[in-house]
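Residue numbering begins at 1 within each chain, and the chains themselves are lettered A, B, C and D in the order written.
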Amino acid sequence: MPKEYCGIFGVFGHKSAGRLSRLGLFSLQHRGQESAGLVVDDRGEFHSRKGMGLVSEVFSAKDIEGIKGTSAIGHVRYSTSGESTPENIQPILVRHRDIPIAIAHNGTIHRSRELRKKFEDDGVIFTTETDSELILKMYTRQKGSRPERLRKVLNRIKGAFSLLVLFPGELYAVRDAMGFRPLVMGRKSRAVIFASESCAFDIEDARFERELKPGEIVKVSRKGVESFFLEKAEKCRCIFELIYFSRPDSFVFGQSVYESRLNMGRNLAMEAPVEADIVMPIPDSANIQALGYARQSGIPLEFGLLRNHYIGRTFIAPHQEIRDLGVRIKHTPIRTAVRGKRVVMVDDSIVRGTTSKKLVDMIKKAGAKEIHMRISSPPIKFSCYYGIDTPDKKKLIASKKSAEDIRKFLKVKSLYYLSRQGLEKACRGDGYCFSCFSGKYPL
Amino acid sequence: MPKEYCGIFGVFGHKSAGRLSRLGLFSLQHRGQESAGLVVDDRGEFHSRKGMGLVSEVFSAKDIEGIKGTSAIGHVRYSTSGESTPENIQPILVRHRDIPIAIAHNGTIHRSRELRKKFEDDGVIFTTETDSELILKMYTRQKGSRPERLRKVLNRIKGAFSLLVLFPGELYAVRDAMGFRPLVMGRKSRAVIFASESCAFDIEDARFERELKPGEIVKVSRKGVESFFLEKAEKCRCIFELIYFSRPDSFVFGQSVYESRLNMGRNLAMEAPVEADIVMPIPDSANIQALGYARQSGIPLEFGLLRNHYIGRTFIAPHQEIRDLGVRIKHTPIRTAVRGKRVVMVDDSIVRGTTSKKLVDMIKKAGAKEIHMRISSPPIKFSCYYGIDTPDKKKLIASKKSAEDIRKFLKVKSLYYLSRQGLEKACRGDGYCFSCFSGKYPL
Amino acid sequence: MPKEYCGIFGVFGHKSAGRLSRLGLFSLQHRGQESAGLVVDDRGEFHSRKGMGLVSEVFSAKDIEGIKGTSAIGHVRYSTSGESTPENIQPILVRHRDIPIAIAHNGTIHRSRELRKKFEDDGVIFTTETDSELILKMYTRQKGSRPERLRKVLNRIKGAFSLLVLFPGELYAVRDAMGFRPLVMGRKSRAVIFASESCAFDIEDARFERELKPGEIVKVSRKGVESFFLEKAEKCRCIFELIYFSRPDSFVFGQSVYESRLNMGRNLAMEAPVEADIVMPIPDSANIQALGYARQSGIPLEFGLLRNHYIGRTFIAPHQEIRDLGVRIKHTPIRTAVRGKRVVMVDDSIVRGTTSKKLVDMIKKAGAKEIHMRISSPPIKFSCYYGIDTPDKKKLIASKKSAEDIRKFLKVKSLYYLSRQGLEKACRGDGYCFSCFSGKYPL
Amino acid sequence: MPKEYCGIFGVFGHKSAGRLSRLGLFSLQHRGQESAGLVVDDRGEFHSRKGMGLVSEVFSAKDIEGIKGTSAIGHVRYSTSGESTPENIQPILVRHRDIPIAIAHNGTIHRSRELRKKFEDDGVIFTTETDSELILKMYTRQKGSRPERLRKVLNRIKGAFSLLVLFPGELYAVRDAMGFRPLVMGRKSRAVIFASESCAFDIEDARFERELKPGEIVKVSRKGVESFFLEKAEKCRCIFELIYFSRPDSFVFGQSVYESRLNMGRNLAMEAPVEADIVMPIPDSANIQALGYARQSGIPLEFGLLRNHYIGRTFIAPHQEIRDLGVRIKHTPIRTAVRGKRVVMVDDSIVRGTTSKKLVDMIKKAGAKEIHMRISSPPIKFSCYYGIDTPDKKKLIASKKSAEDIRKFLKVKSLYYLSRQGLEKACRGDGYCFSCFSGKYPL
C-alpha cells in the first residue's frame, strides 16, 4: 500500500509532558519514520527537539527526561508535501510578538500552493515547505481571540488534516470539517491527551475518552476543555486508515481495526473462494486479513514470507537502493512452507503492482505450485489528494489495466479484489471516503 | 529467550566483496544488533568499517560501494563477552610483520580469562576484551604455515565458536571441534561465501553448498578450497539455534528451522492439549510454534499481541529503560482478539519469567478469561557456557521452581513445557547440546 | 578594545567564486570569529555553507572546491545584534516567488526593534534575529526594479551598515548613507570583488579599485557595473576602524591603517613623554602604536607580553571562563624583558578597565619597577549605537572616572590618553564619528 | 624552521588535576597542534580524553571540570613518528593485569623500527605506531619494582625523549640520559607538576622548582618524591629549543629563551652589520632576534609582515593546500612599512629555502628597494634524528648550496648566518647538540 504519512500527539497538564510525548510518538511510529519532532512548553519557554529518523534515534530517554514542561506536542512524519529536509520537520516553532507558537499537523491542505503564491505576491517569505507554516502565517494575520482566529483560518482552507497548536498555557486540537483523518482524545488522571490513534494511549495507561467530531476545535487550558466548531461539511472518513494505516490495536472512527481487517479477509473468502493448500499473508500489513481468509475458507494459514524488521531509516528513505535491489531485502520466502503448494496470497492493496510482481516471483521460485492473489480492498484507480502518498494516476496499475490484465501481468492463476460492499460491510459504519476507488472527490 | 549473540559472514573472490558482506550481515542482523563491522581486502590493503548499531546504520550503501576489494569478512554482535564498547567491535584488525590480519568469531572460548591471564603474566598487553584478540595473539606466536598455526592454536583451546580469518589473498573459515555453532558455505558463481546461517545466501542469489563439519578448517585462496581438521571431538550442536536464534528461513544443522518449529508446536499440542478458544503466539519468536499448535489442536489462531518493530538500537541496548517500562514498549495487546477468550499462549522458552509474567498480565488486563501457557522447549535450569547470554543459574526461574510453582507465579490456569523427547523429535537428528536443560556440560 | 563585529565579502563573475570567498573571509577573520557563512550562485541554484567557528573550521578547502558557481557572498560574524545561534549565521538565504535571495551585512540598523515590532503587528513572523532578515522582508514588500526596491528600503532605514545582496545573476553592494562602515571594491581580471577591508584583495592577487561612496549602491551583472545613490547624508566614518578593527595592512577610508597607528604612537609620545627604560605594547592590537611611541621617544621597544594565539573558538565564545581565569590564558609576561624596568605600556584603548588592570598587575608581578600607561585614543565615555559591541555607558570606566581616578584604579605611575586632535591628525582626513568620545551621535 | 613536535604535562596530588592539565597543555600548544590527549587517575580509575586538533577544540572546559581525579598526564603532538591518526594520539592508555598504565612522551627513540621488528618476530602485535607503545611493551615484560623496570627498559634504549608514566597513585617523569629534550618540575602548593617548558607553570600560578637532570627518573607518590638515575651519558641539549621551539617566556636548560634570542640578534648584528633603513622579523618566530638586531645596529624596527593567527587546524595539517597557495595565507606584507626601504629581514633559520624565497618575493613586490637576509643560526646541513621533523638531507638547501648560492637563489642583496660561536655565546652554557649544523651525531 501507499507509504504511511504522519502521526501527531499532544498532552496538556502533565508534569512529564516530554516523556509522555516521546512514548506516544513511539506508538505512532508506524505512521511516519522519516523524522520526529517535539515541542514542550515549560512555563512559556518552548523547548524543541527534532531530527531525521526514528523516535528512538531522535530522542534519547535521558535527553527528554531533562526537558521540563507540562504541555507538549509532537510529530512523526513521512513526507507527503515538502522535501525530506531538516527545515521541514514538524512541529514548526516560531515566536510572534514575543509569544512562542508551535504547530503540528497530519494531512494536507487543499490548494496550498495557490495560497502560498498569493502570500508571496504580497511580499511574504516562506522558510519551510510545510502546510503548517502556511496555517501559521494565516493565523498571525487574523484578529480576535485565539479560537476565533483559528476558526477564521480553518474555515477558509479545505483539506484533510488533524492539527495541534501549542501556545503558552493553551493547547488546541482540530479535526478537519469532513473528518478525513482520525484524532482521538484521552485522559491520564487530570492531563488531557490527543493522538492520531488510540494505540498511543495504551503505552502510557491513559484512558480513551472520545474521537473529536469532524470540524471540532478543542481548546484545553487551565480553565478546562472547551469545544468550537468549524462550518459544517459532509462526513468523509479515509477508509485506508482501516485497510492499512492504523495499527491493529487501535480503534479508529469507532471501529476496531483488527476486527475490520479480520472481516475483510472473511468477506474476501466468501466473495472469492478457491481450492488451495495454504493461505499466506504479505507481512505484516495483511496478516490479519489472511487469518480471516484462512478461518473462513478452512484452508490452513502458513507464514510463507519472512519480513526483515531491521531495516533502518537509511533503507527506508526515499530514493533508496531498495527499489533497485528489489523487495528481497525486506522479504524472504520460507521454502519449507510453500514448496509444492497451491498458495492463496493475501495482500491489503495493489498500488503500482511492481512489488506484488516481485513477491509472486519470489514465492514461485521458492517452489509454489500455483498462486491465487486476494486483495482485501477494491482496485485503486485514482490518486488521493487528501494526504496519502499515492503516485500519479498513470502509475496506478488498476487505472490502466483490468483485473484480468493485472492477473496476467502478475502471472498468477487467479486474482480477486474485495468488493466495495464487502469492504463497507467489514468496516461497518458509513461516511467513508472511497475516492481512490471511485474517483469521486469530496472537495 | 536469551539474547541473541553473533553472526559472521565472509566472501572470497568477488569484485563486490564489500557490498555482498553488507547484505549478508543484514540477513544475519537477528543474531546481533549492537554493533557491526566489516574488513575488506583490496589487494593487500585492508579497509575497515565499524560502528555501534544496526548494519543499516553503520554501513551506508554509498560508503560500502566505494570500498574496493575482492575478499571480506564481517560481523554483527550482541555482547556475550566483552563490554559494549567501540574497541570490542569485530572484526579485529591488526598488522603483524607488515601483514594485515582480520578475525571475526561467533561464540565463546572456554576459560579464556585464564588464558589471557597467563599471557599477561608474560608481559602481554590486551587492548580489547574479545576472544578474537586472544586467538590472534596465540596465532602470531606459533611457527609454521598458516593452517598449521591455526590448527595448533585451535587444538589448544576448547569452546563453541565459528571463526573467519582474513589474510591478504587467503580466507579461513573454522568451526569448533564439537560443532556447537553453525557455519555454512555457499557459492555465487566462482566466489566462495561463508555465513552463520543459510538465510544470508538468499539475499544475494548465492547457492548453498554445505555446512562445515565440526572441527573443519576451510582455506580459500586463488588455488581453490582446501580442508584441514582439528583434533576429533564429540558432536554437540546448540539446540537453541533451532528453538530461537536462527531465522525460520534458514537451514541449520541440516534442518529447516521453520519445520522444526512447526513440529515443536505440533508435539506440544499432542503432549499438552487443552480446551480453549484461541491460540496466540508471543511474537515473533513463537509465531511458527503457535501455528503448529493451532493446526494440531484445531483451535483457531489469533494475533493477540502486536510487536512494535520500530525499537531502535537505543531501546535495545543493555541497561535500558525498557526493563523498567516493562514489556509495554515492545508489545501491545489486541483487545478485540482476546477479550472474553480462553487463551493458549505459546512461547519459545522461559528464562527469568519476568517478561512472561508481564505478558500474561497484559493479556489478562485485555480481557482474556483464562490463560494456558505452552512452552516449546524444556525448562532452562542451567547456564550456558557456550556463547549464549543466559543469566546466572540463580536467575533462571526453572532452576529454583517447579513447573507448578512457575504456574502459580505466572498466575495462569495451566503451564506445560515441551518434553526433551518432543523437542528432539521435532528437530530430528541427534548430537544436540542439551546442557541448559540437563546441566550435563560437554566441556 | 570592544569586541570585533563583522566582515563581508562578495565576488561576481569568477569561476572559483566559492574558493575566492573562502580566502577573502579568511583575510577578514579578525572582524569576527564566531561564525562564518557563504552562499554561491550556481546558475540560479544557490548553495549555502554555514557554521559556528572560524573560516578554517567551517569551510574545508575540499568542500568549497566542490561548489560550482560564479558569484558568491560571504560573512564572518561577531554578534552585535542577535544571539549566538546557528539560525542567526549570515548570509540569510531565502526563496521568494521561486527566486533565491541571499543577504549579508556588517553593521547595525537604527531602531530595528521598533521596525520589527511594526511588522509583527501586521502578522509577520521573524525566524532570525538579524537585521538582514528585516531588510529582506522590507525588500520583498516593495514594488519596482531591484535597485529601486533596495533604494526605497534603505532610504527608510538609518544605520551604520555595509550590505551585500545576491540574486541569480546580480550582485548588489551598498554602503550606508553616512559611510560609517568601510566597503571596498576590487577586480581580479574581469571579476568584481567587494570586501569590508582591502586586505582581502592581497590574498587573492586582486586589484584594489576604490572605496564605495557613502550611500552608494553598486549593481554588478553581466551588463557591467552601475551605481545608484541613497538620499544624501553627512559623512561620518567610524574612527575605531583605524584605531582597532581593521588590519594594519588594510587601507581604510583612504588611509593606511599601519601609518595611522604609527602616527598615533608618535603623537602620544609627543603629547605625553616620560622617562622610562622600555616601551612595550599590549599585543597585538597596540604593537604598531608602541613602535611609534618607541621610535619618537627613543626609548627601546621590548616585547614584555606574549600573546597565545592558539585560543580556539571555544575560548573566545561569549560567557566564557576566560573572564574568570583572567587574561592569563591570553597573555603571559616575559619576565626577562620587564624585570627591574620602568615600563611604558601602550594600549589602543580602555573600555571597562578590568583587563588593563589585570595586565598591569601581571607586569608588576613580573618585576617591573614602575608602569606608565599610554592609550592611543581619547577616553571612551559613551556607548556606540552603530555596530560596535561597547558595553552600557555605566560599564565604561571613563564615563564615571576621571583620568586621574583611572590611574589610581590601575595603580600605575602615570596614565595618558591621546587627545582627539592627536588622533585626528594621526588619521588625517575628516568626517570621522567621535560619538563614543563625545556623546554627540549623528543619528 | 622545522615543524614543532610534542609537549607533555603531568600533575600529581591536586584535586583539579584534569583542569590543571588542560591549562598546562594549552600553554604548551606551540609544541604541537595536531592532537591532544589527557588521562586522569581517579582513585585507580583512569579517564581518557583525546582528539585531533587544538587543546581548546579537544577538551571543553565543562567536560574536563567533570572529570574527577588527582593525578593526570597530558600530551600535545605534532607527528614526528607515527601517522596522523586517532590511534596514535597520546597518552597511550592500557590495562595490564587489571592495572591501568598511561604513558606520554616527547621525542624519539633511536632505532625503534628495529626494536619493534624484533618484538614482532616473537609474535607481538602493535596497535599504534608510537614509541610510547614500544616502551610499554618493553616495560610489561620486565620483572622487579616499577622504577627498576623503567630503568631496565630505558637503559636498553637510546634516544632523545622526555617521558611521563602514570600508574594508579604513582607518577614517573623521565628525561633521557643525554638530556636532549627539556623537562621541568614545579610545585603548586603540595602538588608536583611536570612540563616540557616552564611557561606551563605561569598559567596556573605554579612555582618553578628545577629542571630534571639528564637521565633522571623522578617518582612521585603519596610518600613523596624520589630520584633514580639511568646509566650515565654525555650531556647533549637540543639547541633548537632555544632557537625556535620553546616559548620566549620559558626558561629552558637554565636559560631565558627571550634573552638568548635577543642575544642571537645582537650577535648577528655585530657579525654581519649592513647599511639599511629598517629591520623586520619574520613573525612570530624571529620577532625577538629582529629586536636584538635593530637595537644593536641602531636601524629602526618595522613590522613589515603581518601573520594571520586564525589559521585553524585544517590549515596546519600535513599535506595541506597551504604549501600550494604559498605563504600568502599565513603572511601578508604591510606595504606602508616596506615601500622604498632597504630592508634587513631576520629569520630564525632556513630549512628548504622555499618559504624564505616566497617571503622575499612578497616583500619585494610590496616595494622594498633591497633585502638583506640575516639568519640567527648556522646553516642546517644535516637531518635531525632526535625528534625534530627536519626533511631528508637532500631537501635541506644548505646541504647542497653554499651561502652565496643560497643568496642568489633567494635573490637578496646579502645573506648572513649567525656563526656557531655567536650562537653558543648567545645561549651561554655548553653541552648543546649541534648535529644538524655539524653532522656529528651523539648516538
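In this section, a contact is a pair of C-beta atoms (placed from the backbone, for glycine too) under 8 Å apart; a residue touches a chain by one contact, two chains touch by 3 or more.
Computed from a predicted structure; not experimentally measured.
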Which chains, if any, touch chain A and chain C both?
none
Relative to chain B, chain with the most remote C-alpha centre:
C
Between chain C and chain D, centroid-to-centroid distance (C-alpha), Å:
35
If you average the CA atoms of chain B and of chain C, how far apart do the two points sit, in angstrom?
63
Roughly how many whole angstrom separate the Cα centroids of chain B and chain D?
53
Shared-interface residues of chain D (touching two or more other chains) are none
Pairs of chains that touch, anyone?
A-B, A-C, B-D, C-D
Residue ranges of chain B touching chain A (in the complex, touch as defined)
23, 26-27, 29-30, 33, 53-57, 60-61, 199, 202-203, 247-249, 256, 258-259, 284, 287-288, 291, 295, 300-303, 306, 308-315, 321, 325, 328-329, 332-337
Please output the residues of chain D touching chain B within their complex, sorted ascending.
94-97, 117, 120-127, 136-137, 140-142
